[in-house]
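Presented sequentially are two complexes of subunit A, the first with subunit B as partner and the second with subunit C.
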Partner chain A sequence: MSPDRRQFLGWGAAVAAGAALAPAFRLIELAQARSPEEAASALQRWGLLIDITKCADCDACVTACHEENGVTGHGRPRTDAQWIRKVSLRDKRTGYAQTLPLMCQHCEHPPCVDVCPTGASFRRDDGIVLVDKHTCIGCRYCVMACPSGARSFVHEAVSGQKPDVPRGQGTVEACTLCVHRVDRGETPACVEACNRDGGKAMVFGDLSDPSAEIYRRLRAEPSTQVRADLALNTGVRYQGL
Partner chain B sequence: MASVHYREIEGDSGGYYALLGALGALILAGLGAAWYMEHNGHYVTGMSNRIVWGMPHVIAVFLIVAASGVLNVASIASVFGRDLYKPLARLSGLLAVTLLAGGLAVLVLDLGRPERLIVAMTHYNFKSIFAWNIFLYIGFFAIVALYLWTLFERRMNGYTRRAGVLAFLWRLVLTTGTGSIFGFLVGREPYNSALLAPMFIIMSFSFGLAIFVLVLMAACRGSGRALGDVVLNRLKNLLGVFVAAVLYFVVVYHLTNLYIARQHEVERFVLWDGGIYPVLFWLGQVLIGSILPLVLLFSPAVSRSRRAIAAAAVCVILGGLVQLYVLIIGGQAYPQLMFPEKEVTSSFFDGVVAAYAPSLPEVVLGVGGMALALALTAVAVKVLPFLPQSLADSDVNSATA
Partner chain C sequence: MRFVLALLAVVLTLVGYADAEEVRAGRVAVPVVKIEKGEACVAPTAEMRRDHMKMLLHQRDRTLRQGIRESRFSLKNCVDCHASRETGSVLGKDGFCSSCHAYASVSIDCFECHTPVRQDRVARAPR
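Up next, the complex of A and B:
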């Protein structure tokens, strides 16, 4: 056996070992962020904290959401879909005015999921409430059931869809908490835009992770839920409401 | 029972074919409307993201509620043993099936994805009252068909009572399910009440009997069969009781809400300042749908007149449609309560009364469903002996004696 041949075998063994071990190193690297192949886990509960005292009179979150998810209108406000909207509040007695973004509240006990006849409306283990576009029959019972009016029915043909965000005429849709971004370890588009262009009012994170900012703030500061009386345990929490 | 003779209608007159032709045209128009809505998307209707259930749902729910109620006549005969009603049981069972078919056709054709009906048949979420209803509707068809078989087949007559009891219980559960579609909506103030389930049951008694009376009068007239005062007056009095019972439930429902501070705004909306809805409530539901029929049915001056009975039944049907319009459309038009004590505005029509006007395709689809129910009935009474040969007082009395 010539040294060349021996050397060649050595390199070959090294390459083979590297090829065998690399995925393992890659797995370690990915251990922090869930890989797309891995199922959502109940160890996490994704949520938002929105401090409306910082919510500026802008709609950066709305624009970013609809851009990210390819939600375009047809100039028909009554039937165009809105995944997130700015809501203005004025106290009936004092006149105190506020503004806040409102979207799917990603409830732990979502009424939309309860009423859906086919199970198309569902809640992932990590708390994100979604619509399966393949099994939604377009009955709109979930729109009737949603306490925060967060769902839209797609009233006409859609164009310009994003590969990560399937949409379809005749089905119901709503905020997905940018599930495609969350699964890549990123934050939802609205949160990113608010922190870049808005009032830095939104925090995204894992409600069950003691090291997360959202966890610490919810533990230390007062917050409220929309329709808290319904005891739905929403994933979206508000401050200053 | 043995002395009641049933016979198919001749069904070869010009009037019969004109009726079938007219109903067929309405069915075709309904199918065309459904195609137009599905092809373009629902933006061509009056529905929106705030009023997601429109005119098709008003008519579909009316037909489904009436379908279970119309079976009452059969139940009175077979479950409660009232012989006078026995000659009417076959027609009662037939209408129960055809009205349900008409209502479900409308409901399915209004879906965003009607071609996915197979998905609804194969994927079930058993916490959904809608999913239960799919079973309840299919079961209703099967059980009423079984019941009709026991009526038609002499050897099966011994099982009529058992099948009748099963159908009666099933229809009570079915209408409970229909009412609970609204009763289980926790996030909307106008619904969210257990009272809706029994209210829908009593509504079904009333709407179903009104349709039954009209169909029976038309069928007897059209086929030249006698319809005596004994049968008609019994049905008339029963209809009056049902109309009064519906009114009672409506009063209790609103009185309860008026007592609860949180519900005051809803009541103001429906009863006083909600635009078209208080007008529909007082004029349509209360005056035309309840008071006028009660006067027509019980006033000594007119109540013996057949025209008055027919007019009362028409009023009950119109009032019933209005009642469901106020409940279904008005209930969605009223803004959802999300932020108590706040005025709410947004580009998504939060905090304001949602606008809705029924569009032509919606109405045509709904009317097509009604036409389907009547056409199926008209064909069935020609093919099978659903109608008794005579309901003349002498025949009825001898049959039940």
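Up next, the complex of A and C:
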């Protein structure tokens, strides 16, 4: 074997080893939680997968969400804020009944952002759709534009807010995917509650991370989007709908 | 007679001073700046007095829009140090924020949405 040939084989081996290890390094980088100084990045897209066949007849997710975010009502269901709600479906012909949690679907192309006249409704780089209440004027265009009816208007003065979740009269609000928890590397309160007290129907994760459970399940199993006809590419997906 | 007049003048002057003091103290409440916790703020006092609103404005956009949650200039960090030990709040009569803002007659909108209560108080508050 000539030295040239040996050298060439050495380079080949180095390149092969590099190619084999590179994805592993990439996975480590993705798995690490973001530090507080780091901005949310478009490398991630946070999402939820909800298996309705496992969704029990409970409201653990709703209770946990409203507890976590300090969403309190005044006993007026028509106007009280609602960040997540249980929707019941029944097939009229067969009588088959289903129940599912419905909240902001964190669309890639959110209609609420399109209609907002002040830019208060926005989509963060990692796919979470939020309301900037500093610039929200309470016009409620987004409430009308949202196909899943996920947004609420705060009609009455609020007190006793949670430090991480500011809420105030005259602004619109909705599910934030528990952005304050996600930024700390935790899962949303609804997912935690469902896995603890409910039917273990909800999975939270990064839709663009090949090592995430949600990525693998969405790739391998059938799933649906609410109002898929609108082509909004929702971040919340359902199974068994 | 002259002596009596002089005495009267002195008494009246003293009463006048006392009145002026009282009026000055009563008409405008002087702000109560009571620092509850920590040795030093996140920036020198002069800078904080002049620019605290700019720091908060800058930080709020970075936090909300980009998800950068540095605690240094965050409103939560302000409240955690400056909330009163008795009420746990930065608002109220002698509240750190409200007393100064009332003195300067500048409305403060932060606490329409944000909680004015220190975090440990919120956690301990009965539900």
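Basically, the second predicted complex is superposed on the first by the 210 of 241 C-alpha atoms of A that agree within 3 Å, B and C clash if a C-alpha of one lies under 4 Å from a C-alpha of the other, contacts with A are read in each partner's own complex, and residues count from 1 in each chain.
One rule holds for everything that comes next: contacts are C-beta pairs under 8 Å (C-beta built on N, C-alpha and C of every residue); 3 or more make two chains touch, one makes a residue touch a chain.
In this text the structure is predicted, and so the values were computed from the model without any measurement.
> Going by the contact rule set out at the top, does A:163 touch subunit B (first), subunit C (second), both, or neither?
second
> Identify the partner contact of A:179: answer first if only subunit B is touched, second if only subunit C is, both if each is, neither if none is.
In the superposed model, A:179 contacts subunit C only, not subunit B.
> Which partner chains sit in contact with A:130 here, subunit B, subunit C, both or neither? Use first/second/both/neither.
second
> For A:138, is the partner it touches subunit B (first), subunit C (second), both, or none of the two (neither)?
In the superposition, A:138 contacts subunit B only.
> Considering only touches as defined above, state whether A:89 meets subunit B (first), subunit C (second), both or neither.
first
> After the superposition on A, what does A:39 contact: first (subunit B), second (subunit C), both or neither?
A:39 sits against subunit C, while subunit B stays out of touch.
> Now for A:76: first (subunit B), second (subunit C), both, or neither, which partner does it touch?
first
> Check the residue A:171 against both partner chains and state whether it touches subunit B (first), subunit C (second), both, or neither.
A:171 sits against subunit B and subunit C alike.
> Give me the intersection of subunit A's contacts with subunit B and its contacts with subunit C, in residue numbers.
Shared contact residues on subunit A: 134, 169, 171.
> In the complex of these two chains, what residues of subunit C are touching subunit A?
Residue positions touching the partner: 60-62, 64-71, 76, 79, 112-115, 117, 119, 122, 125.
> For a test of understanding, state which residues of subunit A touch subunit C in their complex under the given definition.
Within the complex, subunit A touches subunit C at residues 34, 36-40, 122, 124-126, 130, 132-134, 158, 160-164, 166-169, 171, 179, 183.
> Show me the residue ranges of subunit B that touch subunit A in the complex, using the header's touch definition.
38, 40-43, 47-50, 52-53, 111-114, 116-117, 119-120, 123-125, 127-131, 134, 181, 184-188, 332, 336, 338-339, 341-350, 355
> Considering the complex alone, what residue numbers of subunit A touch subunit B?
Listed in rising order, the residues are 74, 76-82, 85-93, 102, 111, 113-120, 134-141, 143-149, 151-157, 169-172, 226-227, 230, 241.
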